[in-house]
């Protein structure tokens, strides 16, 4: 399991592996938003937390189809399924590698990028905290969606559609934490809910993911 | 080590029955060569033996955890080097011996730091075959293993299989060409499923209306 | 030291950041130059020797 | 030997190496002298501006860096064209070597500008046209360097990055106009115009010129040193391939 | 050339081909935005044109890596390069097919989706017009970026990074048309500029694209 | 129809010189079989002949527009049916005859509406080979064409090549196995590039410092 995790990390960091893909996408969104909606601080400020969270979510969404699809294409998934490791472990290792290569960089970069969108001050901190609490759920849910669609040639579209509704609660709580933080209200209630979502995902989803994988390998 | 036993197996692919009534036994130290024209179902049979698709009927023993499958696509990562690829699989199967043995066996030592994407077709095939020796599993299933290999590499491969058999292993190989191995052949044409008899699907058995 | 007034922090930061960036750039250029040169010498050595 | 023949003889890697072996140390020393001179003069021996206070001292970093950021790109453009038209390897490698220097200059201009913006405009970042086009330039540099790094074969990389540099230049100019159209900004216009009336006061002007000279020399020294390294790395690459085959 | 265009269309429409991928992504963005930035009309209305344009741009960006990569992987690009058609024609046909499968559906769907984001009335029309004028440029620029990165295994990240700054002028003019339209000002000047950008791209980029392809095939 | 002429060709891959001093001539109606161990440069040579990579030195005639290249990856789209795939290539090469001929020739008629992704390895290979006949070009370059083919299909392929040659075509085939074709063989091992002689790269020629 650790081995799979480490291999995925290494593959991710290799040229073209996708490390930084999410981050770059996030950066792109943040840079483009002012060109789209206009440069005025009064316009940008209020929507900044929401935009940043949506950007992070999309960045996760986009890198999902690599979670299993690459291994499926070159036959490695068949081999992993018959290797002496539980498939739940494979699922968890892959979700964890996805989080490290996508979610974590987002959490670290978000406060800096928030400056570009004129996010009011204490918001930076809360934005990072909310992402830290929320992105693991995004990776776990995403791995589940990726497992469901792995058999389909370029199931990217379907994957997005399946995962989207599952992402909604995380997005609502997460953006709420960041918004309340930016507006100076207490963000503790949505933060607690957000943490609960992440922990729940961690407890349940690896099993669902491995079940989906098993069906798709047939 | 127990023998590979296949009893009255029926195989289908994409819902179409391909083979049925297939029984054979491969004892430790033995190999079996599967032949049959294109599309008969060799690949589908090997996938079924490896536990990757469920049989329509019949039984396979031992279970998938004793079986190593060498398919067409070899699961090697293009951006990792030859050594890194092999080390990953060795580690996953908990093998302690290191990869030097198989690197020698398949003459991959000079290529050990080359990324898999920069290998020629035959070199890449050798890499895929080298993985088999790292699984530590007794039953090898090989689907057209010598594709793209030159004569010297075919010989190297045959010796590797013989060594595996000599150690009590078993091998089932699907091929259209001569592998340079002395082993019984099984022609799958005689087990072709009759189109009308569709097992395992309730909807195929009687009219619904 | 000149009196930078109320903007001491900003001006100081600007100078510090610039100098750090420039020095890093110079450092990387020199370091990489040396490393490549050594590697090349080794390779030429292997070729001729 | 006329200028043009001596310039093109630089296209031969060995000639280039022997011709620049002496130039780099000289340029480095000159750059160091001008930079230290200009910055020390500017930082310690100029008065504060009556409106901007001491922040005016940032100008000695900001303006030269901005200048070299743009000129760096220009140099890459010219070098790319030479590579595409005349296939001189040294030219392509010089373009490659200029990118990290240019991107650092861009970053310095952005950071010093941002720090300057806080006291002057009350914000670290505003979507002012000039700032924005610098951000875009920064992204161009990143993309250009990433493309170089991503491709194994040096000649393929040189070709593709050159095409990117050409197309990118067209779009960079286009962006500049688009951004101007989109937002009238806070940033001042060119203050080093030939019209003496509009120039910044002489007290700021002379150290600024010195510091600019320092940045230019530093740029040249770094690009030449970088090109020498790239040439060696290219030769190393060729030798490694030989070894791999043998 | 027409044949390549038609084949690409057919491939796009086949299951998993990517037709609708862009559209779905666009839909996802539009649906997620209210969750992220809050449902109030006063908040959504002013940023709606910008968000819609950014959504459209991202939808284009995401589908770019299929333009040449699939054909490269299965060897079809080699065959096309040696087939009796000019490579510029291949580049143009592929960009056109990308536009039909991605840009055109966006133009048609955008006015309807704009309702979800509370875009004020005349804005719908201008949004559609601006997308119609601008998305061809997005496809052409994107095809250029895809040609640059086609040799790299999964060059998706690099592709986005390269294409992003090239997209900026189109986005600025396009969003400006939509914004002015929504606010009741005359959008003709940016519209003319937007059209000029698209035509300029059409005139120049197929040549750059085919040059990049040729280099990458070596 | 003019002969395929290769004069003093040097081939490299990824910057590494592989072959040099290669000259041969294939007259209309003739075939040439390339052999050589894995990694010698057969695939690279064929890519050079097809105009997909520039030669390091030497000349190839005729130009790429008279040459059809059948590589390992066959450029067939997984989601299109056999007939749709072939029709696309036929149309691209402006062939009017229709695809029925090649469907018959490679026994693909029963599979004509099957999506390419649902073919077995050998069936898919036949599909790739069938494309060659649709290019209408005189020179065929084939890289290990009979991989995965059963004996009957190998025979079918050999007859197709013979028909092409009889019509004044030419063929160059790289292989490790017997193709069932009577044709001269060229062993590439004798043209292996000496590592020290590196052509076409200024940086490999003299020390820079």
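Descriptive notes on the structure:
Chains: A, B, C, D, E and F, in written order; residue numbering restarts at 1 for each.
As a working rule, a contact is a pair of C-beta atoms (placed from the backbone, for glycine too) under 8 Å apart; a residue touches a chain by one contact, two chains touch by 3 or more.
Because the structure is a prediction, the values reported are computed rather than measured.
Using the mean of the Cα atoms as each chain's centre, the chain most removed from chain F is C.
Of all residue numbers seen at the chain A-chain E contact, over half occur in both copies; the interface is built from largely matching residues. If you average the CA atoms of chain E and of chain F, the two centres end up 37 Å from each other.
Chain B and chain C have CA centres that are 55 Å apart.
Rounded to whole angstrom units, the spacing between the C-alpha centres of chain A and chain E is 24.
The centroid of the Cα atoms in chain C and the matching centroid in chain D are 15 Å apart.
Of all residues in chain F, those touching 2 or more other chains are 14, 72, 78-79, 207-208, listed in ascending order.
The set of chain C residues that touch two or more partner chains comprises 40, 44.
Each of residues 15-17, 31, 35, 153 in chain A touches at least two other chains. Interface of chain A with chain B (complex): residues 3-4, 7, 10-11, 14-17, 71, 73-85, 217-218.
Those residues of chain D that touch chain E in the complex are listed here as 136, 139-140, 142-143, 146-147, 150-151, 156, 159-160, 163-164, 166-168, 170-172, 174-175, 177-179, 181-182.
Those residues of chain D whose C-beta lies close enough to touch chain F in the complex are 12-14, 17-18, 21, 89, 152-154, 231-232, 234-235, 237-239, 241-246. Residue ranges on chain C touching chain D, taken from their complex, read 1-8, 10-11, 13-15, 17-18, 21-22, 24-26, 28-30, 32-33, 36-37, 39-40, 43-44, 46-47.
Listing the residues of chain E that touch chain D in their complex gives 144, 148-149, 151-152, 155, 158, 161-162, 164-166, 168-169, 172-173, 176, 190, 193, 197, 204-205, 208, 211-212, 215-216, 218.
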